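Alright, structures below, take your time with them.
Presented sequentially are two complexes of chain A, the first with chain B as partner and the second with chain C.
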Partner chain A sequence: MTVLAVSKLSKRYRRGGKPLAAVDDVSFEIGPAETLALAGPSGSGKSTIARLVLRLLEPDAGRIEFEGADFLSLSGATLRARRARLQMVFQDPLAAFNPRATVARVLDDPLRIHGIASRAERPRRIAALLERVGLDAGLAARAIHEISGGQRQRVAIARAIATQPSLIVLDEAVSALDVSVRGQILELLLDLQRQERISYLFISHDLGVIRAVAHRVVILDAGRVAESGEARAVIDNPQSTIGKALVAATPKLNRNTPP
Partner chain B sequence: MTALLSIRDLSVRYRRDGIEVAALKGVSLDVEAGERLAIIGESGSGKSTLALATAGLLAGGAGIGGTIDWQASQFQTPRSVAPPSVLPDISPARGEIGSSAAGSLAATQEIGEGGDDDLISPLAGEMPGRAAGGATERRSSAIGDNNIPLLGRDIGFVFQDPSSSLDPVMPVGKQIAEVAHTHLGLGWSQSLARAKTLLERVRLPDPESALRAYPHQLSGGQKQRVAIAAAIAAGPKLLIADEATSALDTIVQAEIVSLIRRLVAEDGMTLVFVSHDIALAATLAERIAVLRHGELIELGEVHRIIDAPRHAYTRTLLDAHLGLDAEPLLDRQGASA
Partner chain C sequence: MRRLRRFFRTPEAIAGALILGLLVAMALAAPLLFPGDPQAIAGPALLPPFQDWSLPLGTDRLGRDMLAELFHGARTSLAVGLAAAAAALLIGAVVGTLAGFAGGLIDEVLMRISDAFQTVPSFLLALAFVSIVGPSLGVVVAAITLGVWTGPARVARAEVLSIRERDYVAGARVIGMHPLEIAFREVLPNALPPVLALSSVIVAAAILTEAALSFLGLGDPNRVTWGGMIAEGRAVLRTAPYLSIVPGIALVLAVLGVYLAGEGVVESTAVRRSLP
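For the complex of A and B:
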């Protein structure tokens, strides 16, 4: 069983009059409670794939099957209903919000829009969501600009899980966080995955992070799949030129004492 | 080893919306001549503040206390006029001197943003000046007059975002040449020839045509190479790189790090490398300074810091690093697909 099946996906942009294959014949699948990582150098097409999967962008060719349905053919109310099952967390997803909006407001929106809870029920739901991501319910009244980056990313995750999705697309979702906070957010994501069987399409330029949290990895180069497989196997022994270059370029600590 | 500069009891306070932020609290540190020193710490720990203070680039309104003592013989002397900044968007700044350390260390310089060093009294509470001049000197017999390090000439500074140090409407060759022209007194054609050599040294493809390129025509990594070329154009003794590779992808980051290592070695420069990435710092530096909440909590040789950290926070940073040899979090949790 698969949650997401992408096949032969392609997207071209025009740049300076010349066509540029941002995503070129890319296929992969994600199973339930599975994390598939997309890695690759800058410009390799990771974010374009994320936007295609989220239907923020239409592909030139290819198929996207989500929860068994042809996702690209959905429209109107069926698309909206299905979208609730497919959520996203970006590097600073709440940057798009009015910074004066309260945390409660940010979490209220998906509950209201997708008709998940009645008006009277929503404050209780919001408190439960905050608790679920390890935040104090008292934070609900705070404005987005009054909370830390790590807290904001927890709110973004709370917002993403509000609609009980089967898949969350995370595009560099932990890249801007301090390492200590990053560890906590990764633990939270793994915890949610175990308990609610959520799948992740996890985009990162950091192979160390991918190796720590992903089951499988797809390494992209110039829009094409360079190699893919079990995350640890690929990263520990890359076969493609770009895979080898990415591993070689990753800074190593070489600690000589056990941690 | 001789210290290129000695920082003593450096404190910096910012004021924002009426609230005071203590960005640095009594930091003392020697930067040895010719060493590669990394400054690491998490967001807001004061890394950039320390780098900017060292380069004399702190914005006006910052309250500064303590001293930075420069090793006189390490810098070109004397200086007669304050040349223009190579960083066009850095506005002239006004600094204040805290009085706490002012009287205690007699043979050192007061820091601040003054370019008019002759006019500055070490005990002045507040002084006007330009950011471009770098640290100002307290007149003292131990150091001698007029050996103030100058940004551009004695100190090269590379920022995270190369766009902030490059002029978007000027060909990059001209920007590099201008540094050489200003600080080395070279003629214009000599300066342009030097710019071309520098573009070759930072390995920009096709340096001849790159001279005429504008910043927007270059990739992020190429822009950072140009910014480095401009920073070292006058042959500074000290190169300060503040998260200079943080916006770049891993492969480009590795290229820029090895470029910096090579240039520093070839020119015998001293390097201060600011990064939030302890592993990256360890690959480049000989010593690491760890900042936390504005305090210097640990300083030592790279291997000592990594293998035997003395401070619990340094250990936390090391443990939080997810290297390619780390035990996957997936396994720790016992989760599986």
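For the complex of A and C:
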């Protein structure tokens, strides 16, 4: 059984009249409680794939099956209802929230929109969500710009799990964070995966982080799959040229490699 | 509090606030100081100012109290200016948000409609509208609004075009928010500041347009307006120029006050890049 099956996905942009393949014939699958990482240099199509999977962009060709049903055929209210099961955490935790919002409003929205809790019940649910991601429930009244970057990313995760999704797309979700905070957030994500059996599509350019959290990895180059497989196996012994280049560019990994 | 202090730092803001404050005080005090009909005859006709202290600014051709008319005229000018600006900002913000956020055909249609309004001089539009529908305060406000809503609409659209690409709009879509809720709850409030910066210009333009309409006899006949007073005095301009000069000065001060106060607000909210 798979949670997400993407096959032969393609998306072209037009740059000055010339078509540019951002994503070209990409296929992959994610199972329950599995973490699949998308790695690759800038411009390799990682974020475009994330946006295609979330229907923030429409693909030119290909299929996306989510929880066994065609995800691309949905539209309007049925698509919006289905979005409860497929969430996203953005790279920049400040840009991901309305600058005028409070923590409570950010978490109230998904609960209200998907009818998960009544108006009277929501403050209690918001407090529970904040505690689930390791934050103090008293933070709810604060404005988004008043809390720290790490706290903001925890709020983003709380928003993502509010609707009990089966898959969360993490688009460079830890790249903008402080190294010390990054470890805690990754720990939280792994804990959520164990407890709620959430699958992750983990997009990152950091192979060290991928090796630590991902089960499998897909390495992209110029919109195409260069290589894929079990994360440790691929990163410890890359076969493709781009895979070798990425590993060589990661100083932390070189130390672990035996001479 | 800090914002208020910043506002009062510039001399133009202080002058603007004083004039506007005086205008608002006049408008509020009018029914208390001059109860009864300001258009009723109060004394001998064409009494010059500063002759009779019960009628300090004298009387017009029909013997109406000029000071009472001036105070009641402030009410009309302010009411029309604020109502027209509020309506123009509301319509402009909604149209601009819809056009910018929806894009495609809706954007094209709304912007071509706004083009059509912009190609007709706004005063002609107001003139035509009032002469067809008939002069009343509500119609005058609507007529002025017709000519000025396109400015806020264009500013709002430009702002929305940049905001709709931000991550938090994508985030709102991901949590399944309805597009109309995204447009009006997530995008519009963040697009407002530059739109609101237009408000002083619009209020000033609305006050002038209302005065011009009244001058041409197309104002609400049941209300005293400064434009109407100037028109009244025109017939006796050589013998009693004060009839036109007094409301003329009031008009100039009102528009100046609105402009200066608006400048002050923009100055106090602008981020200063150079060190003082």
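By definition in this document, the second predicted complex is superposed on the first by the 247 of 259 C-alpha atoms of A that agree within 3 Å, B and C clash if a C-alpha of one lies under 4 Å from a C-alpha of the other, contacts with A are read in each partner's own complex, and residues count from 1 in each chain.
Everything below uses one rule, namely that a contact is a pair of C-beta atoms (placed from the backbone, for glycine too) under 8 Å apart; a residue touches a chain by one contact, two chains touch by 3 or more.
These figures come from a predicted structure and were not determined experimentally.
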Query = Given the touch rule stated above, what does A:R194 touch, chain B (first), chain C (second), both, or neither?
reply = first
Note = Larger residue footprint on chain A, choosing between chain B and chain C, goes to B
Ask   = First (chain B), second (chain C), both or neither: which does A:G31 touch?
value = first
Which superposed partner A:G229 touches (first chain B, second chain C, both, neither) = neither
Ask   = Now for A:D206: first (chain B), second (chain C), both, or neither, which partner does it touch?
value = first
Request  = Pick one for A:N98: touches chain B only (first), chain C only (second), both, or neither.
outcome  = second
Ask   = Touching A:T250, do we find chain B (first), chain C (second), both, or neither?
value = first
Message = Between chain B and chain C, whom does A:L54 touch in the aligned arrangement: first, second, both, or neither?
response = second
Where chain A meets both chain C and chain B, residue numbers = none
Query = What does chain C use to touch chain A in their complex?
reply = 166-168, 170-178, 186, 189-190
Request  = Quick one: which bits of chain A touch chain C in the complex? Just the residue numbers, please.
outcome  = 51, 54, 56, 80-81, 83-84, 86-88, 90, 92, 95-100, 109-110, 113-114, 159, 162-163
Ask   = In the complex formed with chain B, which residues of chain A make contact?
value = 31-35, 41-42, 149, 178-180, 182-183, 186-187, 190-191, 193-194, 205-209, 211-215, 232, 235-236, 245-257, 259
Residues of chain B that touch chain A when the two form their complex = 42-43, 220, 248-254, 276-280, 282-283, 303, 306-308, 315-326, 328-330, 333, 335-337
